[in-house]
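Here the chain labels run A, B, C and D in written order, and each chain numbers its own residues starting at 1.
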Amino acid sequence: MDTSSNLNYLPLLMQVAVAAGFVIFTLFATHLLTPRVKSKKKEENFECGIEGQGNARFPVSIRYFMTAILFVLFDVEVIFFYPYAVNFHELKLEGLLAVVLFVGFFLIGFIYVRKKGALEWEK
Amino acid sequence: MQKMTNSELSQAIYALFGERIALSEELYDTLVIEVAPKDAYEIIEQLKQDPALSFNFLTLLGGVHYPEMEGRELCVVYHLHSWKNALRLRVKAYLPAEQPSIKSVTSLFETANWMERETYDFFGINFEGHPNLTRILNMDEMDYHPMLKQHPLEDATREDKDDRFFGR
Amino acid sequence: MGKIEDLEVINGEGYQLTTLDKAVALARSNSVWPLPFATSCCGIEFMATMGSMYDLSRFGMERMSFTPRQSDLLIVAGTISKKLGPVLQKVYEQMAEPKWVLSVGACASSGGIFDTYSVLQGIDRIIPVDVYVPGCPPRPEQIIDGVMNIHRLVKHESMRRRYSQEYRHLLSEYKIEVTNAENDK
Amino acid sequence: MRHEKIKTTVSLADKQCMKMNSTDNLIRLSNGQVLSKETIDGDIATINFGPTHPATHGIFQNILTVDGEKILNSVQTVGYIHRAFEKLAERRPYNQITPITDRLNYCSSPINNLGWHMTVEKLLGVSVPKRVDYMRVIIMELARIADHLICDSIIGVDTGALTSFFYPFSEREKIYELYEEMCGARLTTNIGRIGGFDKDFNPVFHQKLKEFMRTFPAAFEEWNGMLERNRIFMDRTRGAGPISAERALAYGFTGPNLRAAGVDYDVRVMHPYASYEDFDFIIPVGVNGDTYDRFMVRQEEIRQSFRIIEQAYNNLPEGAFHAEVPEFFLPDKKDVYNNMEALIYHFKIIMGESEVPVGEVYHSVEGGNGELGYYLISDGGRSPYRLQFRRPCFIYYQAYPEMITGSNISDAVITLSSINVIAGELDA
């Protein structure tokens, strides 16, 4: 395996090392540098200043989850457009067909979601 | 239509209620009438519904404490305002200090809800039929009614302003 | 401002040697995140301080955080009544260390002109205060001067202070019972 | 089939919430937790829109019972900065009550001060010269512009347009400079005296006022253009927190909030004071009383106030800048040293011993938020026997639960900032 190919991966490796290094460094640095004063009142959850009631772990209404997951779905779909947009000319017609098909499935899914009324906010 | 003057207003009120108005005088361009606490509610209701007078707006409701007047220590003051005749009317009802209680006018004017709670909070006047008569401005744990004249202005538990130095 | 010169530093060509303490303190002093506990008139004057004319964000105080979890400086601007005392105590106690308190205005510092039955005569009765700003309301320049004092405090604070004996004594005076031992991390 | 009802462990908010009006639907569980029926069978949450909250712009608390984003009920707690103004006013002499009044509605404190001075003048039976009236009108309309600037910029902040806070605030700083020329303070002004003003407009005030009148319209229209026809702003604010005219009247609304609901009641028109009848200005009236109408009514009122200032400033009459009220107006130093009465009056005013006739009077002015009234009972002593403030914020904040029930939390936030509740005035 000629060495030249894995040489040009070096910058990528350094990039990953710097990114991961920064994250780990800040995590540990803050853990070491900040003083820690624990107290019972500090552990309670913050309810705008008055005594908290009950606990916050309860089934939040489904609409929040539905909106969030649909956003993730269509956001990930957009990511696939980047490679397609880069070599748009080489992929000529069948490339276009593949993408149209891909988007078509999502479109059908979106229409179904609209019909089901998952995005309506008020019941 | 010609705006009604105070004198016409007092005659109209006398015509409407007659002897139930204990006293009526004109102080600084506002007619002041004094009524017995038990029929304050009907008088205000009639004043509101009467087409000619139509006192449709309760401007202010508050209490006054007169410690030296026997049997009439606490006074509830209603400020009514008739927008049709651009006239103000002040209705006063005097209550004894022991169990001061009067019928609440929240059913007539929604705005009286908090004003009555504030008057209860300050003077301890009980408003019968009030949906939620509790303290509104002071802490719930406060046991006395602060606006009564016998209570001091300063907070009793403070220790920074030593009376000896302030010549009190 | 965080001038490098007044720290004990060793200056070389293009580099400076200083203790970790000083470097961290300098970084902290220029990026304090305030919690504006603005209740009454001083709150509006604090808004004027954050406005474009006096612009508090020139000093690294751009980000106002309203949760005590992400704030270092509690700016109490305005009257604190007795009903609000427990709320202020809870907000102060839930702030992450290291934390500072700036009491803006006469009402927060000493009850001001409201020497009445319902006003807490000064917030230092319930929480330890680092800097007091006089005035009713103080002019924005005065508030910024108070913030400058806080920055000076932050810059010269050693990292050991929050574990020191007198800090623990100060907390116990305000009946804040600390659960972790002397210096466990 | 709806998913099986999970036993939620949510309990209601603290004891304030327990005081919900219908107490029959409360069920006490075995472990002592109290739950309302809706909490058990639905995903009802209880959110604390509490004292320290960025959206409340002040210190009051709403415990919202929420189903998802829709608000079902709101229980309010106020009084967090109750400073006992009325008890304090019974201890201070008359001219020292002015500093208290400007801490009522501290966004437009000159209106409170001058309202108080007019109340005492009415009690004393003093009529002030025309020039004082025009000076008072100019200062009160400046204060009204300043108050509306803050309120409308906060609506902009709450709909996400932070720049709409910075633009009007620089205008407000110009108004602060005008106050400084007149009374030395920016916010809590303590402007004027009982019977007029302590000093006339000095040349710097004239120059700054001319400068303000030259630059303000353009700057105001530029800021207004950012929000008024802005698609996002209109979608967010139209239909948020509506209140009908009857409900507004029942709740005792006055001022811009009532005019937004469609009733054109304005104290300056129905009971003109400080010679307001000399100026012509229109009363803007909204249609359906929602946040957008309140915003538009306040914007239009800024323009009308500006027109009043122009009219008042252009024909400002000559004459004395204070009335003959010796027991409240500090005589000049040369009089104090030369004649006896001035010395006595000087001493009385400083010691606060000036006599006031016995009587009771109610006078109200059109404040930034509505009819700001002073009910003064005096027994002739050095301080009022009883002074009650008609605080518009305290009176119309009762309607807040009714305005937000059924709307989303984000609408509740904008509604709160659009009715311009000032905590200082709310719990005096």
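Convention: a residue touches a chain if its C-beta (ideal position, glycine included) is under 8 Å from a C-beta of that chain, and two chains touch if they have at least 3 such contacts.
Just so we're clear, the structure is a prediction, and the values are computed from it rather than from any experiment.
Counting C-beta pairs in contact across A-D and across C-D gives the higher total for C-D. Measuring from the averaged C-alpha position of subunit B to that of subunit C gives a distance of 45 Å. Here the CA centre of subunit C is 30 Å from the CA centre of subunit D. Here the CA centre of subunit B is 23 Å from the CA centre of subunit D. Multi-chain contact residues, meaning those touching two or more other chains, occur in subunit B at positions 137-139, 146, 153.
Residues of subunit D in contact with two or more other chains: 51-53, 79, 82, 84, 87-88.
For subunit C, the set of residues touching two or more other chains reads 83, 87, 91, 116-119.
Chain pairs that touch, as defined above: A-C, A-D, B-C, B-D, C-D.
The part of subunit D that touches subunit A in the complex is made up of residues 6, 8-14, 17, 33, 43, 45-46, 48-53, 61, 67-70, 408. Every residue of subunit D that touches subunit B in the complex is listed here, in rising order: 19, 21, 78-79, 82, 84, 86-88, 90-91, 122-123, 247, 249-252, 265, 270-271, 359-362, 364, 371, 373, 375, 377, 385-386, 388, 390, 394-395, 397-399, 427. Interface residues of subunit A facing subunit C in the complex, by the touch rule stated above, are 31-42, 44, 46, 49-50. Residues 137-139, 146, 151-156, 158, 160-161 of subunit B are the ones touching subunit C in the complex.
Remark: subunit A residues 47-51, 53-55, 57-61, 63-64, 121-123 touch subunit D in the complex.
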